[in-house]
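Each chain gets a letter, A, B, C, D, E and F, in the order it is written, and its residues are counted from 1.
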Amino acid sequence: MYQIGIVKRNIARADRAAVDRLAAYGVATVHEAMGRVGLMKPYMRPIYPGVQIAGSAVTVLLQPGDNWMLHVAAEQLREGDIVIAACTAENDDGFFGDLLATSYRARGAAGLVIEAGVRDVKVLTEMGFPVWSKAVSAKGTVKATLGSVNIPLVCAGALVHPGDAIVADDDGVVVVPAAMVGKVADAAAAREANESEKRAKLATGVLGLDMYKMREPLEKAGLKYID
Amino acid sequence: MYQIGIVKRNIARADRAAVDRLAAYGVATVHEAMGRVGLMKPYMRPIYPGVQIAGSAVTVLLQPGDNWMLHVAAEQLREGDIVIAACTAENDDGFFGDLLATSYRARGAAGLVIEAGVRDVKVLTEMGFPVWSKAVSAKGTVKATLGSVNIPLVCAGALVHPGDAIVADDDGVVVVPAAMVGKVADAAAAREANESEKRAKLATGVLGLDMYKMREPLEKAGLKYID
Amino acid sequence: MYQIGIVKRNIARADRAAVDRLAAYGVATVHEAMGRVGLMKPYMRPIYPGVQIAGSAVTVLLQPGDNWMLHVAAEQLREGDIVIAACTAENDDGFFGDLLATSYRARGAAGLVIEAGVRDVKVLTEMGFPVWSKAVSAKGTVKATLGSVNIPLVCAGALVHPGDAIVADDDGVVVVPAAMVGKVADAAAAREANESEKRAKLATGVLGLDMYKMREPLEKAGLKYID
Amino acid sequence: MYQIGIVKRNIARADRAAVDRLAAYGVATVHEAMGRVGLMKPYMRPIYPGVQIAGSAVTVLLQPGDNWMLHVAAEQLREGDIVIAACTAENDDGFFGDLLATSYRARGAAGLVIEAGVRDVKVLTEMGFPVWSKAVSAKGTVKATLGSVNIPLVCAGALVHPGDAIVADDDGVVVVPAAMVGKVADAAAAREANESEKRAKLATGVLGLDMYKMREPLEKAGLKYID
Amino acid sequence: MYQIGIVKRNIARADRAAVDRLAAYGVATVHEAMGRVGLMKPYMRPIYPGVQIAGSAVTVLLQPGDNWMLHVAAEQLREGDIVIAACTAENDDGFFGDLLATSYRARGAAGLVIEAGVRDVKVLTEMGFPVWSKAVSAKGTVKATLGSVNIPLVCAGALVHPGDAIVADDDGVVVVPAAMVGKVADAAAAREANESEKRAKLATGVLGLDMYKMREPLEKAGLKYID
Amino acid sequence: MYQIGIVKRNIARADRAAVDRLAAYGVATVHEAMGRVGLMKPYMRPIYPGVQIAGSAVTVLLQPGDNWMLHVAAEQLREGDIVIAACTAENDDGFFGDLLATSYRARGAAGLVIEAGVRDVKVLTEMGFPVWSKAVSAKGTVKATLGSVNIPLVCAGALVHPGDAIVADDDGVVVVPAAMVGKVADAAAAREANESEKRAKLATGVLGLDMYKMREPLEKAGLKYID
């Protein structure tokens, strides 16, 4: 149950070196390395393509049509943080724009993930400040009702604790619990190494059917080839 | 109530000089300068990113699956106009493509806003003819049923009178009543000037919490900081 | 009714020369040349803009959350084929990523059309391997349940027989029955020739109203001009 | 452009006798009688089936997550009014529940049409207080930001002036300008009379093809019968 | 590829006795009996709950905003037929209402399945004429452009040939190829018999885990019980 | 991060007497009593109207297209439990039908909340077994891949721990942490008592404007009455 009206100042951020290792892998690889869990819903899309970031979560709970807590969160940011914002209701207003982006960048933030709307997309793109959002909307918001900062919250279907590692790219957003970042980075590295080899083989025309030894299980499952 | 089968030839366009001033500001700024009203719904998206235009509305009411009135509207266009097209029913067919774009451009149109579908997106992008639409669809349309041109209509949730100023960018589309364009441009200019200052401060790391003097109202609202 | 557990090896591909001619026209033109039919639903979108391809369909029927059949399909690919994948249920998982793309490319595939999700979008973009999909999602899939390869199936509302010609661009995807490809290419060529002329005229400011002789039918339909 | 912070007290309501006549026809008939215009978008659905009402519009402009103006509107209600509520942004919160319904009923309201969410659906159903809405949601709202009452506004794609006649049933909601209610009721009556006759004929097995004399135009359009 | 402008008069309807047997089973059972295929997409919903019907398909291809072909189809109906209507584009207009329902009933139709909108829902409910549709909308349609009757078409993702058996209930709609109706009815009967037994056992508290002998495969798959 | 392949047998259920007290209040009241938090997203709808239940959560994590874990969960049910099922991916298949409902009822379950699809809706309605779901679909599922039972999970945007109290009615679904059920029931009772008084006053025509003393704050906020 969400606590309203709280700002938690001291949060245990995921180990920076381990988070940096995660940054080298994409969302798909990290999600696989975790056992196929941790993804936000696929309606979370980048406002411009081609970015891949990793960082620690500073979480923000918003009220509909009200971006007050995004201002409160700025003070809690440290170098490399990614702000994860959710709303107590479905709302696509433009909670975040170029002024907040300027402030967040000055405070070290690496990007924003918001299950709501964002605006000033052209300027954010020019600034190179990456945002993953549910919508783009110019609609302005008020500053009248409290939410919270750095409480555990659900963003786009994923549970996020403050300090968790976040990886985001063109495929979406994945959440890695802070305590598991090192282990997941190891697994991602192993998977990636393994995939490089496979990629090289497949590039020569070797079939996955043979490389993964699928022919027998397919036959067993009853697959029939006809002409 | 929509009048069907009407083309109004003489419309009072918003003052061109004032519209040109609006063009310098984005949709978000203009919408704020109007008191946070006038936006079309956020499902209206540009077919390619990075464009910002302003112009006077020539309105078109379409029937589903029928683009006849878009041809009729071409004759009513003047330099700098933006065509605003709505449909009497929900319909995502491709009402507009490169031939109509060629014609509209030759007649001086600056762009199209259509609560329906558009096609030939690759060519439109190469031509640099900007369109904001609800959908992209190759589906062709017939020319069989009358709509109207230059009647007041609702497009994507916004009321548009012929001659109103339209501003469109990556954030969406906003409508400014013709009689208010000068006043709104003034307010946008004031807001922009004000924001430049703020932007500079925020870029140095000053917090919005301090710059906007939010700490006291937040405390009064009951915000608690915990460690 | 779908046959499950079948791979058909020998399919009659559309004539390659005719398919190559289709490749010169966009989806909108081909769809018009067919009499305004054959389109997939407009929710099928390219993962990156600006590509236009044509090829022969290799069809794949998937089970939800299971991409086994995409591996089976690789063996059936020939130079220039386009894989058309549908699922027995609504599912947006990431069935296809950079490893399968590497394999498909090595086997000659020109692209993928999938009524489901795709992942590794950044790498696919860098590789230049075009995909049209309903969603982007990093969600991994299993290999446990049989579907089929090269059966007739419905993809995004369009019936596709193995070997049919597929044209895809920024406007979407259209299906041309294998037996009709030559005829449709002829019709598309005729249409295109006709449109070039029209485009030139419209570019000089001639109105479609006059060029298409619409004034009389509009008057007959009751259109009124007012001032 | 919406005026914010305004309550208009004296509005010219549509003629009650004429509105009562409209109540006898469904939304489809009234919409046809107006020339196929005036409908709200089809996502507006009744919270329970089987109701058909007509009344005069009292309009309410809401801010997202804030139902203050619904309380303000109660004072402006007269016997037979229908409240038409729109929001400055997309928002599905539960702006209206059983307490407001009790108050509205005591003030004479016949129902509510709201392009947003509603709650206490079970009690509203038991009370027999009809609501057409975009969503059902238990989410509560605040009372902090002004909107307006009895300004012209756009609700679900339809322009509504205070005092306009509203007809709502299982098919949706239609808006009739106050000045046209008598004329539209006449047209609806004529249409209905005409339809009764047709219905009787069709019930005996006469074909619409013959009754509407469609065979000739179909043949002319090129329809071919094959065996 | 759809043929436009065709009415096929003689179609081979599924065997009536076999279709009647299907009518006794729900959509879920028939779909399972076919090997889990044949379903229309789940956005096809009944306009009122509690009906279960089976019949032979008379197919109708519509153009957007145009219901001409629904009138043409009436003449082709025989006792027990179910009309299956699709549109060449996405369109939610109200193509069908109480007059057409009166005519269809007089000609023997058992119901309508339409991937588009329907109106007069209150009257259709009172008449007990069942409809499965994608939308409810009062929007009227014109009669200007040809489609076809009794061609094979795709409706809501399912391929339907004229004469195929259709089963529809609160779970949706399933299509059974005419040639397989007897076999599918046998399989459905077997499945149902089997399920009755299971239902009785489960009702006494026996677990599916034991009845289906799932404990061993679950353990093998690695399931762990913890306290 | 979800643990896959786990069944937790001993969970601490919310106090039954307190849960029973919650059952007397609707979802809206309980959500308000918690401080306006805890709601699932509004796309979770009951399969038939008019039911209001409360119980303790037994949670189930499903894989797409696979309902194995729903069978595993049956063994963990106790009198009055409500099963809360989420899926690792977006999937609307019919994971649950009348056989599972028979089993769940025999084991004491009060209902099901599933962020996916359900089938056999007609029989479930006749049985009076209530389900809240995201979709209705006849699509069958396999039993091939492990999920988990009684792990904390996110369902329709709400975090649910096994044993939490669940309240569901026509307005949706709300989650109350097990430790807070008594306190929330008290707050709901207080709110309800308070509302009964207000309801009585409003029913006599007293305005909320006066009862809630809104006139002064509205004036202060700048509301203007005009004639």
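In this section, contacts are C-beta pairs under 8 Å (C-beta built on N, C-alpha and C of every residue); 3 or more make two chains touch, one makes a residue touch a chain.
A quick note: this is a predicted structure, and the numbers were derived from the prediction, not measured.
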Pair in D-E, C-E or E-F that repeats A-F, with over half of contact pairs matching by residue number: C-E
Distance from subunit D to subunit C - Cα centre to Cα centre, in angstrom: 41
Distance from the mean Cα position of subunit D to that of subunit A, given in whole angstrom: 42
Subunit B, residues touching no fewer than two other chains: 36, 42, 88, 90, 92, 137, 139, 145
Contact pairs between chains, per stated definition: A-B, A-C, A-D, A-F, B-C, B-D, B-E, C-E, C-F, D-E, D-F, E-F
Contacting residues of subunit E [partner subunit C, same complex]: 1-2, 4, 34-38, 41-42, 88, 90, 152, 154, 157-159, 175-177, 180
Contact set on subunit D toward subunit F in their complex: 5-10, 48, 68, 71-72, 74-75, 92, 94, 97-100, 102-103, 105-107, 117, 119-123, 125, 135-140, 143, 145-146
Residue ranges of subunit E in contact with subunit F within the complex: 26-28, 31-32, 36, 39, 42, 45, 49-50, 52, 169-172, 174, 195, 198-199, 202-209, 212, 214, 217-218, 221-227
Subunit E-touching residues of subunit B, taken from the complex the two chains share: 63-66, 88-93, 137, 139, 142, 144-145
